[in-house]
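Structure record follows, encoded as structure tokens.
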Amino acid sequence: MTERVREILSWYAGSNPGVLSNLARMLNHGALGGTGKMVILPVDQGFEHGPARSFAPNPAGYDPHYHFKLAIEAGCNAYAAPLGFLEAGAADFAGEIPLILKLNNSDVLYETPDPCSAITGSVGDALRLGCAAIGYTIYPGSAMRNEMYENLRELSEEAKAAGLAVVVWSYPRGSGISKDGETAIDVVAYAAQIAAQLGAHVIKVKPPTAVLEQKEAKKVYEAQKIPVETLADRVRHVVQSSFNGRRIVIFSGGAKGSDEKVFDEVRGIRDGGGFGSIIGRNSFQRPREEALKFLDTVMKIYGGKIK
Amino acid sequence: MTERVREILSWYAGSNPGVLSNLARMLNHGALGGTGKMVILPVDQGFEHGPARSFAPNPAGYDPHYHFKLAIEAGCNAYAAPLGFLEAGAADFAGEIPLILKLNNSDVLYETPDPCSAITGSVGDALRLGCAAIGYTIYPGSAMRNEMYENLRELSEEAKAAGLAVVVWSYPRGSGISKDGETAIDVVAYAAQIAAQLGAHVIKVKPPTAVLEQKEAKKVYEAQKIPVETLADRVRHVVQSSFNGRRIVIFSGGAKGSDEKVFDEVRGIRDGGGFGSIIGRNSFQRPREEALKFLDTVMKIYGGKIK
Amino acid sequence: MTERVREILSWYAGSNPGVLSNLARMLNHGALGGTGKMVILPVDQGFEHGPARSFAPNPAGYDPHYHFKLAIEAGCNAYAAPLGFLEAGAADFAGEIPLILKLNNSDVLYETPDPCSAITGSVGDALRLGCAAIGYTIYPGSAMRNEMYENLRELSEEAKAAGLAVVVWSYPRGSGISKDGETAIDVVAYAAQIAAQLGAHVIKVKPPTAVLEQKEAKKVYEAQKIPVETLADRVRHVVQSSFNGRRIVIFSGGAKGSDEKVFDEVRGIRDGGGFGSIIGRNSFQRPREEALKFLDTVMKIYGGKIK
Amino acid sequence: MTERVREILSWYAGSNPGVLSNLARMLNHGALGGTGKMVILPVDQGFEHGPARSFAPNPAGYDPHYHFKLAIEAGCNAYAAPLGFLEAGAADFAGEIPLILKLNNSDVLYETPDPCSAITGSVGDALRLGCAAIGYTIYPGSAMRNEMYENLRELSEEAKAAGLAVVVWSYPRGSGISKDGETAIDVVAYAAQIAAQLGAHVIKVKPPTAVLEQKEAKKVYEAQKIPVETLADRVRHVVQSSFNGRRIVIFSGGAKGSDEKVFDEVRGIRDGGGFGSIIGRNSFQRPREEALKFLDTVMKIYGGKIK
Amino acid sequence: MTERVREILSWYAGSNPGVLSNLARMLNHGALGGTGKMVILPVDQGFEHGPARSFAPNPAGYDPHYHFKLAIEAGCNAYAAPLGFLEAGAADFAGEIPLILKLNNSDVLYETPDPCSAITGSVGDALRLGCAAIGYTIYPGSAMRNEMYENLRELSEEAKAAGLAVVVWSYPRGSGISKDGETAIDVVAYAAQIAAQLGAHVIKVKPPTAVLEQKEAKKVYEAQKIPVETLADRVRHVVQSSFNGRRIVIFSGGAKGSDEKVFDEVRGIRDGGGFGSIIGRNSFQRPREEALKFLDTVMKIYGGKIK
């Protein structure tokens, strides 16, 4: 157990040993094991966007085993997916990588301005599949937010009692905010705070932009001169907004683009004190060898082996 | 136990022995037993369309015993029906054919653009009636989809814990999609993926057309040149979209037409790697002898005894 | 135990001995005991229409004991009423007549186009009051149908497990159908089918008219030349639609009119193979002696002692 | 135990000894103990109308102990109040007067045409506070009626199993009826019938007026010449509508007015066979001595000591 | 145990020893321990207004440990916060200060005229974190009030059974009242009464203004000449409206302003017989030393050491 992991665990002092062990399992696994940094492979796009949009660019990804293997070989800290994908491989790859069962999901065959994902898995499912954590998505800004917060609360209480860690995808979205506001720095920092207050152990947000969405918040950002120019500035503010760094905050892969653009983003996250990335489409939509190389570079940036 | 059935069961490695046994019961029963192909007789039209529309063409079908006998004599892999029909014969034909209790149903005395079937049976009912599986219908594309996904999730978890297999009818329908979109290839493949991600062991969809409904999906189908011209092409894509063939996907009988048209469709399903058919009206609305002959031909096509 | 009752019980072969015993209790009680025919006294009008409209024509009916006595003396097979009425006499008349606790009820102080009765009793109530069955009303055609079907499902499962029989009042009503459609032959036959598929042991419908409500159904009735001219024709079709006669179907007293008109209706039900009547207002709104004579005639028609 | 109380208890023959004991506790307590008549002190106005409107006229009433003492000293049969008021004195006055915990309440800071009170207490609360009964308000005529009836049903079943009596405030109100209709004789009689059918042991209604609200009912009242001219006539009809007098029906204090007007109303209730009154504001909004004298007169009218 | 604390506990005579002990823990802790006065530090603004608006003015407050330390060093009676903030320090500061877990919270990323906070914690959470009490916010005046009252009821019953005290934030808000009405004296007194009737042990309201919102109430205030001119008058009326002083009522810090203005408000609360203050932003948005000095003055005013 490294000093850094011990330090991180100390922030969760009130948690039971089961939760601490599962947090440690994720922090200690893979290429970044022990560094306190994390790269997670999430594959829920089959549900969220449909199979062809997700897997046709690299058809190997239609197969659930592909993603288990990719996460294992790339040295990711964990692999996150919905029930079906985990059920289709958890026995075959038992013990080879920490798993996160995503407990709610949404498809795009019906869309609504105030989204709320359906609950598609349970804590019992996570336990029987040998998972280290549950995952849950909330949409602050949606009229359905209370239903999501309350479901998360119930599932979290049950998960924690069973020794599972809780990973929250906090994605502002809905009629309460504008499209640009979804990644505005004030909104993303707020979304991280909400997830932290709801009891998340690990928080996932999108890399924020320099936009300021909320009028009352804007006044404060300007009055207090909170730096939001560079991504590192903004990540630093999000980490601060997550209990002053006492909660693990990771960032989604962000928009597709050239590899260098992604790597620059990763550098920004690292320099701002972010804890890592959760990278889906940018990984599994490339051919396997390319993906492994790409993830290796990402991890080296986090691990400090590449500037 | 044939090699093929053993292979199919291996895809469900994470399931408990109870579920594996019930999947095997269905795969090993009847004329196609052991081949990995399935033909299932479903009779829920009495509920879904009313008794006269369903049974007047062949009045023997008013009697619940008729369908048990038809499925047994035709050598179907299983017989699926709502609570009332199964309660009316499960004791009389106990042990003669695997049963699937359809746990939700809808009637047409009240219709709504965003349908949601009522739950009309339970896992407890399925167990006391000696069933091998539960069946459940979801309508992706309906505003009520979340309610259906969540009910299915709860019932599936309970069924699996009790060793029952889960068969999901995944029928896109509702205000999120167009009428033509209900059988569009992108939508049907997506519907199969959703059912798979929700944890279905067996997935039932309609035979897809070459229509592409969703704009974002269309771009990908065209860019990746996914073949969708022939039914075999489309079935192959649906099977791929069901965890790259790691889930049993069967197809509904399709529109009524000449026998040859049905047989051609069955050939398309077989050639695309589909696992079989679930044929209701095309079977029970004919006189018994005709139905037996018709089903025999279908099974011979699947079994490879007829080209 | 007569052959006929034994035959009827054989249709419920999958039911537990508790349910079979309670079905037998009702079939074997009273003047028609053992014939396979049933006449049931239902008194829920106090709740459904108010006390004065129900009982002022024969004020003895304000008293709950009156109806117990009437049902007992008339030799009815069972007495059905809501919680309050049964609680007010179940101890006093314990063991003298099979009781059916109506588990849902509605009043007319607030009316809505898509009705749904409130649940006003439980299976536990039925058991502590010594009932033989529960009763439940569904309104196919109402936007609230799913809620009613699902509540019935839950209550039925609980009742059956406790050995109680399930009697379903299936009354099409709501914005899905026209006023005339409520008693149209296609709709009534469909309503009987729905109740049967939901697992009812005994089904109560209204005597159907020759109207055909649903376009798709009409085509089939005409194409298949299903006879619907006489009441006996229509009753025969409803009985057929109730699992080809494998479920007990009884008919409500129908509109008030001259006694002869009622008796003719009873003859039509008998001649069409109906299992009996459930006659409320036509019984308890007359003076006691008249009611006894009236019911005696009805029973004699069913028993074959009067043509 | 007087003959009269024994007779009243006989109407509840199906109830368990716990319920009978608690009904007896209320019937045997206070100045009217043993007569079969009841005067109950209810104090829920603090919640329903606010503290100043309720207690400023007699500020002693702000104190919860005041009402316990008033009910005890006046010799009321029971004291009814919401959770907070009972919790604030149940220990201090344990065993001195039967208590009724009102399980639902409403405030006027938000009003709606179709009211439904919030559930504010439980059967468990009633038991731990040593109550003899639960109280519950229903609003027949409100679009929310089903929710209220169903909650009452659940609470009643739980209360009866625990040996508690059930007192129902049945107040027609909501968009289904007119303002005048709320106290119309046909509506009040119907409201009493509904409460009785829902299983209430004690029913509280408002003193009815001679108005006839419902068209269908009006025809019957006129055809059957049901007397509704005097209050005594109307009370008699309400008592008859409550299972022909087999349920205890009491009347609310009615509109404020001169004492003589109230006493006349009490005479009307008594002469019509009503079982008593439940008098709140008319009692606790007067100075204590006046209130005691006022209640003494009311009880003497019921007890027959004053004409 | 001081006489005053003993007296206060006597008002809760019906509570179990667990609840009494936890009330005593709060009353006996800190600088005001034993005086019967309370100053509580609440920090839910991170959730309610967002992290930057809450903590940027004094960035130390981003860290959850800061608030534990502030409350401990200032000698507050208790520290109240949502789940995340308490989980992040409860183990580190175990036993150093009584904790109140706020069980519901709201954010401003989506706003609605009829607010209802999401449930974000449970009684089980409060127990495992070693809390002395649960906290819950109700919004009388909101169309959602019933949902809030009913959730509070359930949580309170569970909390009391587990020996936890119940603190209710009663904040009138919603489409039933005007903006000015939210702090009108009649409305605030009513809100206190509602919280008391719902069974709160400790009630938190905002300092009321002299506005009279409700027409019917206004008449009574004027007729009875209830004094509402000074804050002390109004506080006295709120305390009276809280069971004549038999419930602990504390007041929120009120609008930001000069320190002297706050201290004057505290004097008004003290002089009107209020039990103390709950001061968030006015405390934690200042630098630590300033905050300690500020709170020291507040406590000295309550303790009588400063006029």
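Each chain carries a letter (A, B, C, D and E) given by its place in the written order, and its residues are counted from 1.
By definition in this document, contacts are C-beta pairs under 8 Å (C-beta built on N, C-alpha and C of every residue); 3 or more make two chains touch, one makes a residue touch a chain.
Quick caveat, the model's predicted, so the values are computed rather than measured.
Student: Which chains make contact with subunit A and with subunit C at once?
Tutor: Looking at subunit C and subunit A together, the chains touching each of them are B.
Student: Is the contact between copies subunit B and subunit C built from the same residues on both sides or from different ones, judged by whether over half of the numbers are shared?
Tutor: Different: when the shared numbers are divided by all numbers used, the fraction is under half.
Student: Any idea what the CA-fit rotation angle from subunit B to subunit E is, to the nearest 5 degrees?
Tutor: That pair's rotation angle lands at 145 degrees.
Student: Express in whole angstrom the distance between the two chain centres, defined as the mean CA positions of subunit C and subunit E.
Tutor: 58
Student: Express in whole angstrom the distance between the two chain centres, defined as the mean CA positions of subunit C and subunit D.
Tutor: 36
Student: Quick check on subunit E: which residues sit in contact with 2+ other chains?
Tutor: In subunit E, nothing touches at least two other chains.
Student: So if I start at subunit B and go to subunit C next, what's the full loop of chains?
Tutor: B, C, D, E, A
Student: Looking at the complex, which residues from subunit E come into contact with subunit A?
Tutor: Going through subunit E, the ones touching subunit A are 46-47, 49-53, 56-57, 59, 62-64, 82-85, 87-92, 105, 107-112, 116-122, 124-125, 129.
Student: Please name which positions on subunit E make contact with subunit D in the complex.
Tutor: Per the stated touch rule, the residues are 11-15, 140-143, 145-146, 149-150, 153, 157, 161, 172, 174-177, 186-187, 189-194, 196-200, 214, 216-217, 220-221, 224, 226, 237, 240-241, 243-244, 246-247.
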